[in-house]
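In this document, chain identifiers A, B, C, D and E correspond to the written order of the chains, with residue numbering beginning at 1 in each.
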Amino acid sequence: MTPLLQVSDLRVSFGRPRREVLHGISFSIAPGQRVGLIGESGSGKSVTALAVLGLLSETAAVTGSIRLAVPDGDGPTGRQLEVTTATEKQLAALRGDAYSMIFQEPMTALDPTMKVGRQVGELLGLHGHRIPGGSRSRVLEMLREVDLPEVGRIADSYPHQLSGGQRQRVLIAMALVNDPVLTICDEPTTALDVTAQAKVLQVLDRHFTQRSAATLFITHDLAVLAGVVDVAMVMLEGHVVEAGPIREVLADPWHPYTKGLVATSRLELARPGERLPTVADHFDRSIPVQGLREVPVSWEHRARVPGRPGGGA
Amino acid sequence: MPPRVPLSVPLRLLQRLGVFVASVVVASLLVFLVASALPGNVAQVVLGVQATPEAVARLEQEFGLDRPWPVRYGAWFAGLLRFDLGRSYLTGQPVLDQVLPRLGVTSWLVGLAMVLALLVAVPLGMWAAVRRRHADGFLASALSQVGLAVPSFWLGILASLVFAVQLGWFPANGYVPLSAGFGPWARHLVLPVVALSAVQSAVLARYVRSATVEVLHEDYYRTARAGGWRTVQALLRHGLRNMSLSVVTVVGLQLATLLAGAIIIESVFALPGLGRLLLDAVAQRDLMVVQGVVLLLVVAVLAINALVDMSYALLDPRLRIERGQVR
Amino acid sequence: MSEQPLYQVRDVVRRYGHAARPAVDHVSLDLAAGERLGIVGESGSGKSTLVRMMAALDRPTAGSIRFRDTEISGLPERRLGFLRASVQMVFQDPRSSLDPRMTVGASITEPLRSPLLRRRAGVPADTRARLEEVMAQVGLDPADARRFPHEFSGGQRQRIAIARALAPRPQVLVADEPVSALDVSVRAQVLNLLADLVASEGLTLVLVSHDLAVVRHLCDRVAVMSSGRVVETGTVEQVWSAPRDAYTRTLLAAVPRLPLP
Amino acid sequence: KDTSGGHVPANSLVIGATAEPPTLDPTKNNAAAIPQVLLYNVYETLVRVDSSGNLHGLLAQEWQVSPDRRTYTFRLDPAATFASGRRLTATDVKWSFDRIKSPDTSSVLRTQMAVVQDVQAKDPSTLVVSLKRPSNSWLWNMSSTAGIVIDSQAAGDLAATPAGSGPYLVNEWTKGSQVVLARNPKYWATPPRVENVTFRYFSDATAMNSAMLSGDLNVISNVQAPQALDRFSDPEKYTVLQGTTNGEVVLGMNNRNKALSDPRVRQALTYAIDRKALLDSVWAGKGTLIGSMVPPTDPWYEDLSGAYPYDPAKAKQLLKEAGYESGLTLRMRLPTLAYAKGAGQFIQSQLAAVGVTVVIDELEFPARWIDVVMRQSDYDLTIVAHVEPRDMVNFADPEYYWHYDSAEFRRLMAAADAGTPQEYIDDQRVAARVLSRDAAADWLFLLPNLVVTTPNVSGINANATSLSFDVTKASVGS
Amino acid sequence: MKRAALVIGLVLVAGTVLTALLSLAWTPYDPLAVVPANRLMGPGPGHWLGTDGYGIDLLSRIMVGARIAVLVGVVAVAIAALVGVPLGILAGTAAKAERWPRLVADVVMRGNDILYAFPAMLLAILLAAVLGGSTATAMIAIGVANIPPFLRVARAATLQVSVSDFVTAARGAGIGRFGIAVRHVLPNIAPVVAVQASLAFGMSILSEAALSYLGLSTPLPTPTWGRMLNEAQPYAWSDPLLAVWPGLAIGLAVLGFNLLGDGLRDLLDPRLRESVQ
């Protein structure tokens, strides 16, 4: 089966003089596959996500290749679009339709001057989907699907009238309204409190299961990731340093950074008052990071950087 | 401690109105004092260079200028309450009768110039923002800068030289009221409006540009693009309204500038507007007219600022006060 | 509790503008010296509002807050010196709580140069020395004092904010979600730092978080807030292992855990 | 109808002018813009002045002066009627004159009428005016605003609705833009040829020129920026009439200033200024060099412009004699008028060359300048054009802002006014020479009258001898 | 392109300022001496820009004019900023405060609105009566007339800054209202004020031209660019260059200050600094 997304040797740099922030990463996502992307702040997760949909700011220079399968109605056509060279028009046709994205910050990601129902609804019309019951009913249905209460009232609300968790769910509704084959979720829950986060994760999980849709799920929180994805990549300083099935990565982290991450993520295990384990306990920053050249398409096996990984216990 | 009870909406409106009225009263006093403080004397102007001091004194008395200022202010203010701006010293006519026909001319001039400025500045500023890293965007920025650098009276002179004298497309100057037909009215206003709006367009374009740059950095803009809108579509659908807040503020701010600019444009194009009335009245120290016109301007600017404040809520739902709603 | 509590919060209400429901609704709390109090609750439950009033950065609409037997809720800024010298605050977002146009060193020593705090008992007089001391304490190189906030990572910036709060040697440290904006890899560092400081300086701590696990780690007592009210208080272990309130249980259940042994 | 742009309607004059009348009552306000429109065109006088400066009868068919020259008997034209159709009688003239004489009018014209003892309407067409003393200037003044005859029955709101006997009526007054005159259908004498006359007002000289160039005007009443006259040089399209006015541009010297009270200093300043070059620089060489307070259209005119040739050396010499060898500083307070500013700048530079430092200071005109210079005499030098006809008499008033105080001059002027017409001319001529000799002021130049018309317009005077822009003889070809 | 704006702006502004300074020491000809024989010469080797209707060298006049332009621009903007910005900060910080300061802020804002509507010309006439028509009159009148936009801009920016966490943090650190205004608000609103200042600078030069037309500014014979433009008006047909030179000078100076303002804003913007870090 052709993958939905095929990224090879993706390099992104910014500014003048050029500063490379992604140092050649490669991976692919098959239909229905749920891929996680973890890594510390600034490791290049968002840049990867934005590059995939061609949404990087114009100061970015992108090399390598990103190919998106172009679907036709229900399934992939076998045609692929090269994002790095595509026109804005070609990309716009795919964005929000077959490929969609959910951003981190629910407070600012919605247009404050437009009722949310309309913001969801206009995406239906934009991609030319004719809805039998009218777009309003589809919008309400979608809002219901993301577990929002009183969907009628919410559809007629402005973003500021909703809570953070509600807004994030509206954003999810916007991303999912056209039944995308791949949804990129860029830290969709970090801005939420624990209760709102739990709800949002539940909604996403249900949606992906029901539609057998693929996702690229970005977070720095392993605990969040564990409930959503099947396979995961670990990023560090613009490199993918480890990849494989999520259980294996968590159970037996191989890269010292991953080890540290797993250790710090288990806050509830620590005894109150006791010193918490940190990433730095496992991983020596002074050693240059080496990245994976490739992530196996099948994701069945763990992939690791050849040779000895840097420092740590 | 009892909780503070927030004012109800009608009460807040009333409060606002109260502030507005108080401002107008204070403004009227200030206007009066400044006008009275202007050196020179209308009686002398009326009687001309040959006048004897006795004649001047008699005329001053006739005008009531010999009374102490609180009395004069009181009389004027009492008139204001009846919408009576007093009578011009020079012509003996009610000031209001002089002001109203000219108010029309100036309103059209300023209003249309503002509209034109918006029509030019919004696309130009957006273009300059979207393409700011390209040569054409830089050119658009530079173009708006040039508009700032040319004095509007020269622009007016040049425009009338080229389009009226050389090409004969439009009348060189003068005004006909709208009641004389749309065509002639419009033809007479084209050049002055263009000349007046040039500077405004430039100023506005700069604000639109920076507001657009803000929008380009906004998350919701990125959301819109991720949803499938193209750059320009996203900007128009989701950027315009968000930008309008800062642009409206500037429009409100620029209005006073525009009124000042109108004085010069009205001279260059021989339009019978308020600006020229004010200029002539000041030159001749027809203080009643000066007071009337300036008070009118002050009230207009206050009213426009109040409108701008109110339009915020219209443009940005976050600023609306709703029952049972936070913030 | 035999001795007089440091803070006495009584029936405090705070209503914002025209809001229908107060953000903080008749809250009463006591805080003893040396105690470590956690305040948890979902977003919008009024946690920040409450601690801001305790730090006299906001005024209650009604109710009273006493610090060391002095009523602070109505005091004008110029008479708050004693409080400012004793109570310092760390905010949630390390990006926005530092002035982008001020060097880190200037930010940290700002409280020391404040006219309200200067020459108060306990507030260090030697600014330079104290700067180097606190920077070392939070694990920053004192040589970095001349750099600007944007040149630091999120974790580092939060350390800077903590250093700034420590500078005047306060007795009480109020931390409003100090780790929520941080990525997990640095979260542990900051929590460890706070734990160390509280222990070594004998600080009284008020820690706000929406994550009970964070509170459990640092605090001995916890107050659970919902819709502006305190719905449950108790020792951390008590609330953690046997929550009485239904809302507390939801909060606990919502914390994601790694599915590992 | 669109009269304000595009093309001028047939058989009409559209005249560009600079200042708009503030009111339409010429007796209440001294603004020159009022008689410009109304005098002779709408209001008529007993006598009028022609383009060479001579008096002719208008409403008066003829008049006799008594041997003691104190009684004037006018025979009014029996055909004369007001625009209302009512016959114009001696009673109306008496009413009009008395109105100006009346003590409760503050009009400046009252001083011109002050010499009148008594006005009597002997019968409908005979008017007898007796004066307190003989006065030549009185009759002259009667040819101007002071002498207009108002319809005593129709005099309501004269500020808005004139009631005269002239060939035109005020048809429309759009404030801020124009006054439109229409032919008086009941005019008692030869009706004028042009049907409608519009005076359009421009505060900006360039705007007026543009209007002419784009065909919105067919007459410019007086070009205000002579540098731009080249634009109208094509004789196929424009006719330029170059005549004289009564506007002497006077460099006034305050005789109360110690230095300036010394005739040698005044003469020195006069020698130090190259008036020919000044005229070229300031007014594009248009205008006339005069040398005293007399325009060439006055009967006693003689060319005195050569009396003080440009001679800086002589100027220095005179200053030295007067004791100002080491320099002299004078304050020049200028009205904000183009010619004054230009001339001031020029003069400052030339006086600097003879060791006189001029400090310039501009005063808003009219309000400030009149107040400071004319009322308070707080100045040393100033420049302004005196546009009234026959205004040399101002030098006879030592209180006038120049404070020129010469018994000889006063005596000559009094004698002139009281003398026979011939004595009037002779004495005025001598008086003008006295002024020149004393360098009472420096008459920089006489403002030109620069009228531009389209070639089909005729009957407009080149010289502006009165305050009227007289359109009664104008005609427009096709 | 951002750097280009800054560099071009700097070059133009420096050019204007240096010209002004140079004119104090040297001009090719006496900028006041009337030479009737040299009237209206075109540009040529002797007079690079030609001469005017009095035979005065135009280059010399342009150079001296730069002096007034820079002086009026700088002083007027300084007056406007020194009054407007503190009041704006006051109004901005007080808007969130208790009753009394808020009332003061309201009064300041309404007063500002009234001042804004007041024609600058009236102020200038009034001042001219007291001080005489002088450069100082024009500078003060233009400066005062420019206070309202500065005040508004500063207030809006202050409102934004004063809700930011670092201001709250500073209050928590015991910094009083004044300290916050000086140490935090002022530096953070500086970019917006810089842009406003550059806009106001250009406008001031043009306003001076208008006031000098009414005799309310620099007295004769000192050449200012505005006066040169006014004097060139009658020559619009015959010698258009007379207007072109001062027009160009005004244009370049205004352009320079605007570009400089833009460049400064970008330079002071932490967002942009971060990306070039």
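Keep this in mind: a residue touches a chain if its C-beta (ideal position, glycine included) is under 8 Å from a C-beta of that chain, and two chains touch if they have at least 3 such contacts.
As the structure is a prediction and not an experimental result, all values here were calculated from the model.
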Any chain in contact with chain D as well as chain E: B
Between A-B and B-D, the pair joined by more C-beta contacts: B-D
Averaged-CA centre spacing for the pair chain C and chain A, given as whole angstrom: 33
Distance between the centres, which are taken as Cα means, of chain D and chain C, whole angstrom: 87
CA centroid of chain B to CA centroid of chain E, Å: 21
Residue list for chain D, restricted to those that touch at least two other chains: 206, 364-365, 368
Where chain A touches two or more other chains, by residue: 59
Chain C, residues touching no fewer than two other chains: none
Interfacial residue positions of chain D with respect to chain E in the complex: 205-206, 225-228, 230-231, 274, 277, 280-282, 334, 336, 338, 341-342, 344-346, 348-350, 352, 360-365, 368
Touching residues (chain side chain C, partner chain E) in the complex: 52, 55, 57, 77-78, 80-81, 84-85, 87-89, 91-93, 96-102, 110-111, 114-117, 150-151, 161, 164, 168
Touching residues on chain E, where the partner in the complex is chain B: 1, 4-5, 106, 110-111, 113-114, 116-123, 125-126, 129, 148-149, 152, 156, 195, 199, 202-203, 206, 209-210, 226, 229, 233, 236, 243, 247, 250-252, 254-255, 258-259, 262, 271
Touching residues (chain side chain C, partner chain A) in the complex: 42-44, 153-154, 182-189, 191-192, 195, 210-214, 216-218, 236-237, 250-251, 253-260
Parts of chain A lying in touch with chain B, wherever the complex brings them together: 53, 55, 58-59, 88-89, 92-97, 100-101, 103, 105, 108-114, 122-123, 126-127, 158, 160-161, 171, 174-175
